[in-house]
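Presented sequentially are two complexes of chain A, the first with chain B as partner and the second with chain C.
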Partner chain A sequence: MTELDPATRDALAALILTVADDELVIGYWDSEWTGIAPMLEEDVAMSSVSQDEIGHAAALYAMLGELTGRDPDELAYAREPDAFRHAPLLDHPRTDWAFTIGRRYLYETADAARLQALAGSSYEPLAQLAAKMRREERYHLMHVDAWLRRLAAAGGEVRERLVAALERLGTDALGVLDAPDDEALLLSAGILPEPMASVRARWLERIGGPLGELDLPVPSGGPRPGGRRSHGPDFAWLHGEMTMVSRSEVGATW
Partner chain B sequence: MVTASVEQRVWDALREIADPEIPAISVVDLGVIGAVDVGADRVHVDLLPTFVGCPAIGVMQRQITERLTELGVAPRVEVEVSFDPPWTSDRISPAGRERLRASGFAPPAAAPSVSGLDELAVLSVATCPYCGSRNTTLDNAFGPTLCRSIHHCEQCRQPFEQFKSL
Partner chain C sequence: MWEVFRQEAEGDPMVHGGSVNAPDAELALHYAREFYGRRQESHRLWVVPREAIAELDDPDLLDPPFDRSFKRPGGYIIKHKLEAAKARATPPDEA
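So, the complex of A and B:
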């Protein structure tokens, strides 16, 4: 692709940052299950899935570094909480297992729809990385789909907790596929091959089947405007946790 | 002719570098070496990560740089992480698959295609690396490293790992 004009480059950088921050933050939340998941297999699974997500974030921050000259480690660990651009869905703490599974289901399926679109991006490095990430994310989808069905079929308190989580998270989940800033620029450059609204429509169609079949709540309503720009006390806490090591010895390499 | 033989020396050197996580297999047999370009002033190697978040990427990058610098075929050595083409488990060579099996890892099944979101049946039946039985069960799609899953053989009752299909 030809040289990007500054406005388009900034829009591309902002788009990459949203995806990178989504992956980093869900990776950190769910890595908290390491050692305390409901069973040993899930200790391993959640650790592995989280390592994938944080790895995806690292690759995206590196891409952002190439594009903007910013240091990838600084992007990940030296920003203030309100400089993060993850979706409101990822502002919630991990809570209980049903909540984690409900959120993972909503996030993974939305992320899959987004990666499918980004794999067709005119910005080659992003298209290549998205294609690669999709291969890995299928394991995540398979894992969370199995758990969603298992919890939904369990009945009783287990199912109630899952339903409550999906009800609470539905609106915020829509925000994962909000139109990015300067979407028109991204569309005209082919960086985004289709509007995010159509990605969102495809995602809702895709999850409508399984959620309907299991009689579970489907995301509805309107996402919180500007939700990627402000984050609550839960994220402030997580931010403190995830930057603890880098803050303890500024400039250290590891 | 001269260039061809230098390139051959580079590939031979790369064949001596073991995967840091599964040392039985070389980085060449693992298929993580993409394009190799030997010029007068530099040798450039594309390194294709198995998984994006693989923590061994940095180790491989350093080992390859050190080995090729030592080889002295060009003043500068560049090892660049690349996703073009994306690594898939089909890149593991036949010799690499055999080495995996001999060291107790089931080689991956054919890599699944990526045509749609609904295509979730990515795990095929694994063949037990110890007794060759296909009567095996998947215990966990996630294992001790990002690229490995955990299985159990119903025939010889051995637990074993598989290099994941990707």
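So, the complex of A and C:
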């Protein structure tokens, strides 16, 4: 593609930042299950999935570094909480296992629809990375889908907790696929091959079937406007945790 | 419990890798992948419910008390016989 004009480049950088922050923050929340997951095998699986997400974030921050000249480690660990641009879905704490599975299901399916679109981006590095991430996300989807079906079929308190989580998270899940800033610029440059609204429609259509079969609530309502720009006390706590080591000696190398 | 077998490359034998605890085959495969396949060390994985395995470990049957060395390839020395056969098979003008 031809050289990007500054406004389009800024819009592209902002788009990459939203995806990177989503992956970093869900990776950190779910990594909290390390040591306390329902069984040893699941402990390893959830820790490994979380590590994958943080790995995707690292690749996205590196791409952003190439584009803007900013240091990837600084992007991940030296920003204040309100400079993060993750979706409101990821502002909630880990809560319980059903909540984590409910959120992972909503996030992973929305992320899959987003990556499918980004794999067709005219910005070649992004298209290639999205294609690579999709190969790994396939397993994440299989893993969370297996858990969703089991919790839904378990009945009793397990199912109640799952239903409550999906009801609580439905609106915020829509925010994962909100239109990025300056979407028109991204669309005309082909960086986004289609508006996020149509990605969101495809996502809702895709999850409607499985959620319907399990008689689980489907996301509805309108996402919190500007939800990517401000984050509550739960994220402030997580931010403190995830930046603790890097803050302990700024600029340290190892 | 599920016993996990892994193959390192197409055509290699399936080798027992270890075991995972899982409620069913689907999750057992997920966990087998995490334990035995996420570092590109496996080309194929099998999970087998432990109950499906029939076991034989009777020393009377597997380790008989009498000398049975003639049943092992090393128990019958054929080196000199092979050499003699080779000499017979080689035409005299090539010898």
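Keep in mind that, in the parts below, the second predicted complex is superposed on the first by the 254 of 254 C-alpha atoms of A that agree within 3 Å, B and C clash if a C-alpha of one lies under 4 Å from a C-alpha of the other, contacts with A are read in each partner's own complex, and residues count from 1 in each chain.
We take it that a residue touches a chain if its C-beta (ideal position, glycine included) is under 8 Å from a C-beta of that chain, and two chains touch if they have at least 3 such contacts.
Predicted, not measured: the structure shown is a model, and the values here were computed from it.
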- Report clash or fit for the pair chain B and chain C bound to chain A in the combined superposed model. clash
- Message: If we overlay the two complexes on their shared chain A, which of chain B and chain C does A:112 touch? Say first, second, both or neither.
- Response: first
- chain A contact check, chain B vs chain C, more residues touched by chain B
- Message: Contact-wise, after the overlay, does A:96 reach chain B, chain C, both or neither (first, second, both, neither)?
- Response: neither
- Task: Have a look at where A:136 lands relative to chain B and chain C in the superposition and call it first, second, both or neither.
- Result: first
- Message: Tell me the contact category for A:56 with respect to chain B and chain C: first, second, both or neither.
- Response: first
- Message: Looking at A:183, would you say it contacts chain B, chain C, both, or neither? Reply first, second, both or neither.
- Response: neither
- Doubly contacted residues of chain A, that is, touched by chain B and again by chain C: 41, 44-45, 48, 139, 142-143
- Message: Touching residues of chain C toward chain A in the complex: what are they?
- Response: 20-23, 26-27, 30-31, 33-35, 38
- Query: In their shared complex, at which residues does chain B touch chain A?
  - Reply: 51-55, 82-84, 86-88, 112, 114, 117-120, 122-123, 139-144, 146, 150, 164, 166
- Which part of chain A faces chain B closely enough to touch in the complex? 41, 44-45, 47-49, 51-56, 58-59, 109, 112-113, 116, 124-125, 128-129, 131-136, 138-139, 141-143, 145, 206
- Task: Would you tell me which residues of chain A are touching chain C in their complex?
- Result: 39-42, 44-45, 48, 139, 142-143, 146, 150
